[in-house]
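Dropping a structure here in structure tokens format, bear with me for questions.
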Amino acid sequence: MSKTRLEAFSDGVIAILITILVLELKIPHVDTLEGLRPMLPVFACYVMSFVYLGIYWNNHHHLLHTVDHVNGRILWTNLHLLFWLSLIPFATAWMGENHFSPVPTAVYGGILWMAAVAFTVLVRTIVASQGARSTLRAALGRDRKGKISLVLYSVAIAATFFDHWISVGLYVLVAMIWFVPDSRIESRLKPLKE
Amino acid sequence: MSKTRLEAFSDGVIAILITILVLELKIPHVDTLEGLRPMLPVFACYVMSFVYLGIYWNNHHHLLHTVDHVNGRILWTNLHLLFWLSLIPFATAWMGENHFSPVPTAVYGGILWMAAVAFTVLVRTIVASQGARSTLRAALGRDRKGKISLVLYSVAIAATFFDHWISVGLYVLVAMIWFVPDSRIESRLKPLKE
Amino acid sequence: MSKTRLEAFSDGVIAILITILVLELKIPHVDTLEGLRPMLPVFACYVMSFVYLGIYWNNHHHLLHTVDHVNGRILWTNLHLLFWLSLIPFATAWMGENHFSPVPTAVYGGILWMAAVAFTVLVRTIVASQGARSTLRAALGRDRKGKISLVLYSVAIAATFFDHWISVGLYVLVAMIWFVPDSRIESRLKPLKE
Amino acid sequence: MSKTRLEAFSDGVIAILITILVLELKIPHVDTLEGLRPMLPVFACYVMSFVYLGIYWNNHHHLLHTVDHVNGRILWTNLHLLFWLSLIPFATAWMGENHFSPVPTAVYGGILWMAAVAFTVLVRTIVASQGARSTLRAALGRDRKGKISLVLYSVAIAATFFDHWISVGLYVLVAMIWFVPDSRIESRLKPLKE
């Protein structure tokens, strides 16, 4: 079975999610710059989620590059990833409208956490389908970036009960870990990143 | 005529439907976990419809795999299937907001029933277009899964007048029939499922 | 230049339009069958517009089949067609919410009229790009179906001032002309229809 | 790495943005032609943004035509362009609802300005990836059209404080510069335009 439709469907869903985000930017009631000011936290959330979805699309792109053969298990673990990504616009809007207050910020982190787990599950399903000679397994190494992300998300969710700005900072940090190329990790993850 | 655009268009429509579902998750008015509680039935409906659309995309994917040649009749029976699927977000939201009350739950079942019929019509149209040597016909066998689904949907719709939780249970059961692989049925339906 | 992206982009836009239609089906405030009754005209409009967009997608599919070479002029006449199609969800909702009252029904007809003109312009642009040996020109013949549609739309728009149900009947009639295969016209338009 | 998915994803996002625009056309509360009149500025904004997104899709189409090889840097500069384009529906609706009042008109111009910069950054990233023998660099020449656009946008943004109709006129002018073929510039930009 070819992977073309799997890619096309995933591209479609992520493209729609990234543009549904913008529907949460409600138009201000006044036509002044002051009207834009209360939108700033919503807009900041928008940028962060846009970058996160961009990172997922990017990594998904690289991940499927290593796949020759698609089976039912891969289709469903892929849908599972898309499910958690589909909740990002909801969590983004809730967090933005409440100006990063604790519970919505924790829920946002929880969804990122689940999406990261779903991505790992998808990776392992693909590795399992490729068997012992998996090129993906070799490329993945110890998957340090993935593990660090899960730890940072967990800390961020716990931190919402103390100071939710720490949480937001950690979400930004994880995005930067994936966004900014780190040469040592890069060389290990290269087939996934490049 | 190639089937590429038929696949691309169907992928597009199903991808949009699966993400339109998430637009029905209205943001809670308060920023506490209590604010999320009234969303639980809506969220449960969201998960169920996400899985249903995932199953349809999956089966559609497998179905078109057996097609070489697309004609006008296939294009229209495919659109007919997409029509009924397009009503799922509406029915999901109505059922979720009314906490699975009888009429919306019956309407949801009616739309699933029509979608199942539309899928069967599409399958038969493709079989007819392939003529006597249809590989799809052989693969389909007696289509037990399809027939059982229609019976269960009918029971579920009738049950809404007695206890609508039976109906919801039956919808979940049908989803599981298609989702969980059943080795005996699987071997018969294999080209459709795998 | 290849036509792949033109097809993909058009498929994307039409797929989104056909699913945006469903966003106009607002959820009833009560959970009874009576709650669905006032939705009937909106639903009828939804079905009609779904069929119209299906017909356009179908014909667009067939039309681009005859194209080898895409130029800037074709890209823009194609966008022009998509522009008029993009107004269909708006006109559908306006007509449905006002229960087919005269002005919205006339506006709906006006948009169908413009879409039909835009389709003709796209056809002629493609014929012109193919030069004297155009296979499309031969296939098109006198384009009776296209001309009849424009006449019927014009009558329908005028009829809204007398009895708007005549208009609605004519819109349904035009949809049927394109939907129901007519063997004589069919043979002339075959490459466009089949 | 192939560019197929990059094209498909960009097509998807731009197709969704161009159709999300139409969601801002709120249905009038009355069913008369007078009901449509207050929509005229919103509709005018809709047409302008539709044309702008059409131009970007068109140019993006031509730009990627010159690309053989996609790297991570191109993926991200492409997402950066899509980010600014994704803000167009928001700015369009804000400007339209406030009948082209100064601040929303300036914000609209600012987003067009950023999108133009993002397009230039994408072009340079692609040129850089192609090295000394870049066919795109030769085709681009001095990129007069791009530079003129940035100057005109800047003047338009400044002009909103004096007479915002000048600004709107300048936005229309820039759209026409890209839309109407100019033979001298055309020959230089040909691979980008045709």
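Lettered A, B, C and D in written order, each chain numbered from 1.
By definition in this document, a contact is a pair of C-beta atoms (placed from the backbone, for glycine too) under 8 Å apart; a residue touches a chain by one contact, two chains touch by 3 or more.
In this text, all values refer to a predicted model and were calculated from it rather than measured experimentally.
Enquirer: If you fit chain B onto chain C using the CA atoms, what's the rotation angle, as a multiple of 5 degrees?
Expert: In short, 90 degrees.
Enquirer: Taking all residue numbers at the chain C/chain D interface, are over half used by both copies (same) or under half (different)?
Expert: Here the answer is different, because the shared fraction of interface numbers falls below one half.
Enquirer: Please compute the C-alpha centroid of chain C, do the same for chain D, then give the distance between them in whole Å.
Expert: Taking the mean C-alpha position of each chain, the two centres sit 27 Å apart.
Enquirer: Where the CA atoms of chain B average out and where those of chain D average out, how many Å apart are those spots?
Expert: The separation of the two C-alpha centroids amounts to 38 Å.
Enquirer: For chain C, jot down the residues that touch at least 2 other chains.
Expert: 8, 12, 16, 23
Enquirer: May I ask you to sort the chain touch graph into line, ring, star, complete or other?
Expert: Shape = ring; chains linked end to end, path closes on itself.
Enquirer: Which chains touch which?
Expert: A-B, A-D, B-C, C-D
Enquirer: If we count contacts the way the header does, which residues on chain C are in touch with chain D in the complex?
Expert: 1, 5, 8-9, 12-13, 16-17, 20, 23, 71-72, 75-76, 79, 82-83, 86-87, 89-90, 93-94, 97-98, 101-104, 107
Enquirer: Which residues of chain C touch chain B in the complex?
Expert: Going through chain C, the ones touching chain B are 7-8, 11-12, 14-16, 18-19, 21-23, 25, 27-28, 31-33, 35-36, 47, 50, 54, 57-58, 61, 65, 179, 181, 193-194.
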